[in-house]
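These are the structures, in structure tokens.
Common to both upcoming complexes is chain A, partnered first by chain B, then by chain C.
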Partner chain A sequence: MIFRHRILATLGTLSALLAIVTPEVVLADGAAAPAGRLLLLPIIGLVLAGGIGLLTRWTLWQPLVSLVLLFGSALMLPGAVAGFAGAIGGPAYWQSLIAFWLLTWNFAERLSAAIRDGRLPETGTGVIIPITFGLTLLILWEAITRGANVPPVLLPAPSAIGTQLANSAPILWADFVQTFIKSVIPGYVIGCLAGLVVAIAVDRSPFLKAGLLPIGNFMSALPIIGIAPIMVMWFGFDWQSKAAVVVAMTFFPMLVNTVAGLNAASSIERDLMRTYAASYWQTLLKLRLPAAGPFIFNALKINSTLALIGAIVAEFFGTPVVGMGFRISTGVGRLAIDLVWAEIAVAAVAGSAFYGVLALIERGVTFWHPSVRGGRA
Partner chain B sequence: MSVTTTTSTTGTGAALAVVQAQNLGLTFPTADGDVVALSDVNLTIEKGDFVSFIGPSGCGKTTFLRTIADLEQPTSGTLRINGQTPENARKDRAYGYVFQAPALYPWRTIEKNVALPLEIMGHSQAQQTERIKRTLDLVNLSGFEKKYPWQLSGGMQQRASIARALAFDADLLLMDEPFGALDEIVRDHLNSELLKLWDRTKKTICFVTHSIPEAVYLSTKIVVMSPRPGRVTDVIESNLPRERPLDIRETPEFLAIAARVRDGLRAGHSYEEVV
Partner chain C sequence: MNRILPILTILLAILAFWYAAAIWMNAPWQNTLNGRADLTDVPFLTFAQQTWGQDKPVLPAPHQVFAEIWNATMGLEFTSRRSLALHAWITLSATLLGFVFGTALGVGLAVAIIHNDASDRSLMPWIIASQTIPILAVAPMVVVGLGAVGVTGLVPKALISMYLSFFPVVVGMVKGLRSPERIQLDLMRTYDANPWQVFWKLRWPSALPFLFASMKVGIAISLIGAVVAELSNAAGGGLGVRLLTGSYNGQTVQIWAALFIAAGLAAVLVAIVGMAERAVNAPNGVRA
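This part shows the complex of A and B:
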């Protein structure tokens, strides 16, 4: 472990130094700006000090030193752009990027090692690694699209998407209301409630169990999204047809999961209810529904992503001139790719928030389940 | 089929009998043919008895207890609980049942678990509070009302399940190897607690076990059973005093009863099955 850390630190520091030295080659065809020259010395100092610091046994400060080193290498990217290392896309630019990647890796490794060994508390520091990882991906994306001159139609830089997000906020908000608030939420609520109620009916009636459940399993295997054009014909162009698609998509996962969940209570727990001469509804409310909780929440979480997919794709088949799916399909046609990406970003945030809220409620409601409390059964 | 009356064990008047079984039989149909779980069982349990059912696995002791509780239906003979059919007795909430596992609902706190039968039977809030407090005191679990079952040890969980069975004050307590999963130290402790509880509440207790010392220590009457088909081979009346300290297990009287139980098990060829 320590050995790998040293290799990472050495490699990262060396490639950072290499990136700083490379300008001499590049500078042959153009003088560097004096400001860029001045920037050079403190960065060299920072990188050298950091690299040496990492090779010592001074373990307590290693995550911090790594962070400083990472910060220094991140500075080199705009530094490279500013001129001391030549043009965007030059050898020094890519060298800086490699150094940046290695040092980020180094930082994440050391931080997770420090948390694992108990040198740092887990609360709070635990979120730093995923945040660093996400930011690094964004920086790499930005640097590669700029450095390699990727055409914006293929893949716009994150900064361009960010600008578009800010500039077309009213459009994006209207699309969000149309798709998420008007189609997803009502469709999701109706679909999940209907699935739950029908599951209880299926469980009560042997006839429905024999007749409806095989059809339910068959239907859940169908690509429901194929019915979207029919729903548009039935319910019109506005949000009602999209909500109907969402109802159809969310109904069967809830039905199948709840039917399974209602059988989750053990025979000894049911016998107990029988010894109390409890009625069907008492057994359902006090035993079988609570025991089905983990299954029901599983369906709710699956359905949260299905609902968003369903509503967006259904809008491809006809919609008033608003909505996330409409914006994506017309945006691609007009080559307004950064708007499409902005829409995708909104959908991703909305979908994650939806899922996250459900996961939080699940933790509160099924706190007793071994998978939540982290204990044995 | 016709039902013959009196046998060797049904001496006293039927009016006092809490459980009365006559020629009771139960056959489970399975894919490889019928399995005879109970055959020609005759037994009378009187009010205030502490009856242990002992025998190797497959002897039908649990099945007999479940038949009393109307969780299984007999296929022949008659069974009366307080003079009623088992189904009516169950609907009358005539008994509390303690299973092999605590079967506490993990989403309910200990006090809410004890309140479960009270909620189902429609007791008022004030009554519930009073009975929860009384029964948790009885099993020495005061102070753990707000804990969840998975926060307690196995012995405490089983005590909570006994409290739950006592909460609605049925006169008959059916216990199916309640301490089977616990270690011997905890089991000894709970056994002496159970005896005190039986003495205090004057309940009738049917107790399934496969431990000879446990059966002899607890019971006023020991029913020895043997398998294939499940049947009663001996009924032993214990003459030990009601007050029983743990060291009664070293006395000659105790050892004599234990020897008789062991002989009964051997006579039923039970040991061959347990290897």
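This part shows the complex of A and C:
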């Protein structure tokens, strides 16, 4: 493990040192002069962070200082593009970016190793790593789109998307209410509940189970999203047709998973319930439904992403002039790509929050499952 | 026989329900038609047959859909632009390419996640977040963007399929590779097994049932990705394009025919994965 840290830290420091000896920084003359001045501070920060990365022992101050140094330097990088001729980053710029990437990677490795060895507490520090990863991606995205001068129509910079997000907040909120609150939530609840109830009902009759299960399997594999144009014809343009698509999409995964989960309790456990003279309902509530928990939550999680996709794609086939799918399809047509990305960001946050809540509930409910007991779910 | 009978019963019930629903849903329009033609007192049986034979019905009867499927696959040359067989082939090739990429990526990520704390902590939350990005909405941008750098045809669609299908594989495989109980891992330790042996002799076999369950979801979702990606590139052909043109022209029979072909494709693909699952799982003693 220590070996990999060494390689990453050494490569990162070398990359930062190489950035110093590029003409833009060393000569600092003529057109390249402002670039050299702007880059000097971030490069020094990166070299210092690299030095800390090479230290053998990591306790509390090393990660804190390298975090400040890394992101302090990286936040100055995109601004330095202005100093280059033609506002396109030169070798020093890209060298610094590579150094930043390698050193942040090293940072994540060191920090997780420290948490694993118990040198740093899990709570609190555990959250830092994914946040660092996300911020790194954002900074690299910003730095690359600016440094390579990517046309905004192809891929806008995160800062442009952020500005758009703030400016069109009322529009985005109205779209969110229309798509998420009105279409996704009712459709998801109805579809999942219906799947669960039908699965439990079917489970009592071997005949129905033998007949419905292959058909349910078949249906959950179908591109059900294709019924969107039909649902729009039947239920009209408003949220009802989208909720209907979501119901159809979420029903079958829930049905199939629950039926499979109800079979998860082994016969020895069922025999035990029998020796207790437990009734059908007691066995169901105390043994088989809890044993089906991981399967049911699997379906709930799969459905949470399916539901959002279903509602958005259904809006492509016809919608009132509000809604996330509507905004995305018209945004692509008008080349308002930053608005489209802002809408996608809203969808991503809503969907992640949805999934996160489900995962938290799952950890509480299926606490006995090895995948939860052994660590993270 | 006792496996076929229940399925047939349910299918017959669905079929009967469908014909009844077709009468009910197509009746208003048929009444208008009959009113215009000054037909009154149509006997119920004749009326039912009328509702099952409309040109652009609200709900086409099953035999209309199957007639359309037959005409559009067997009745036409394979190279014809209206041949459903050709469009199905276009969709199938994108689906398979995306599925293979997606499964490989998913297994690779899952292995990295369970063996490296740093990648687990930094990747897993973002893999989950990545799925909440409605990539299907980004499909037009992906197709246009890749087209600008000269990548067209199969690859953009396969990329979207890959993006959708890697997710169930990662989630399932991480769960599966972590499913060995602590006591089993301890046993491997008493055998002085190295990480490589623990992986191939314990983790991988116990993850296989999860892998196949995920692959069944993955191949189905990969077909969805291919179909929806086609919505944004009408010139490329495929089942998605048939859905779209059918919806623009009100050709409900064409929509249902394309849907059924897609359904058939999905069924065959999932059945193939299921056969592979049985072949692989049986020697490992997995309870069916």
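Just so it is clear, the second predicted complex is superposed on the first by the 282 of 377 C-alpha atoms of A that agree within 3 Å, B and C clash if a C-alpha of one lies under 4 Å from a C-alpha of the other, contacts with A are read in each partner's own complex, and residues count from 1 in each chain.
Just so it is clear, a contact is a pair of C-beta atoms (placed from the backbone, for glycine too) under 8 Å apart; a residue touches a chain by one contact, two chains touch by 3 or more.
Bear in mind that the values here come from a model prediction, so they are computed numbers and not experimental data.
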**chain C versus chain B on the shared chain A, clash or fit after superposition** = fit
**Asked** Which of the two partners, first being chain B and second being chain C, lies in contact with A:149: first, second, both, or neither?
**Response** neither
**Asked** Does the superposition put A:226 against chain B (first), chain C (second), both, or neither?
**Response** second
**Asked** Of chain B and chain C, which one touches more residues of chain A?
**Response** C
**Request:** Look at A:286 in the shared chain and tell me whether it touches chain B only, chain C only, both, or neither; answer first, second, both or neither.
**Result:** first
**Asked** In the superposed arrangement, which partner chain does A:167 touch: chain B (first), chain C (second), both, or neither?
**Response** neither
**Message:** Contact-wise, after the overlay, does A:305 reach chain B, chain C, both or neither (first, second, both, neither)?
**Reply:** second
**Prompt:** Which of the two partners, first being chain B and second being chain C, lies in contact with A:212: first, second, both, or neither?
**Reply:** second
**Prompt:** Who does A:271 touch here: chain B (first), chain C (second), both, or neither?
**Reply:** first
**Message:** Rounding to a multiple of 10°, what is the angle at chain A's Cα centre between the Cα centres of chain B and chain C in the superposition?
**Reply:** 70
**Fill in**
The superposition places the nearest Cα atoms of chain B and chain C at a distance, in Å, of 12
**Item:** Contacts on chain A seen with chain B and repeated with chain C across the two complexes
**Value:** 266, 370, 373, 375
**Message:** Touching residues of chain A toward chain B in the complex: what are they?
**Reply:** 266, 268-269, 271-278, 282, 286-287, 290, 293, 366-370, 373, 375
**Fill in**
So, in the complex, the side of chain A touching chain C is made of residues 105, 108-109, 111-113, 115-116, 126, 129-130, 132-134, 137, 154-155, 207-212, 214-215, 217-218, 220-223, 225-227, 229-230, 232-234, 253, 266, 301-302, 305, 308-309, 312-313, 316-317, 324-325, 328-329, 332, 337, 340, 344, 347-352, 354-355, 370-371, 373-376
**Request:** Give every residue of chain B touching chain A within the complex, in rising order.
**Result:** 69-71, 90-91, 93, 95-97, 99-101, 103, 105-107, 116-117, 119-121, 148, 150, 168
**chain A partner contacts - residues on chain C that touch it in the complex** = 2-3, 6-11, 14, 58, 117-118, 120-126, 128-129, 131-134, 136-138, 140-141, 145, 148, 167-168, 171, 175, 178-182, 216-217, 219-220, 223-224, 227-228, 231, 243-244, 246-247, 252, 255-256, 258-259, 262-263, 266-267, 269-270, 287
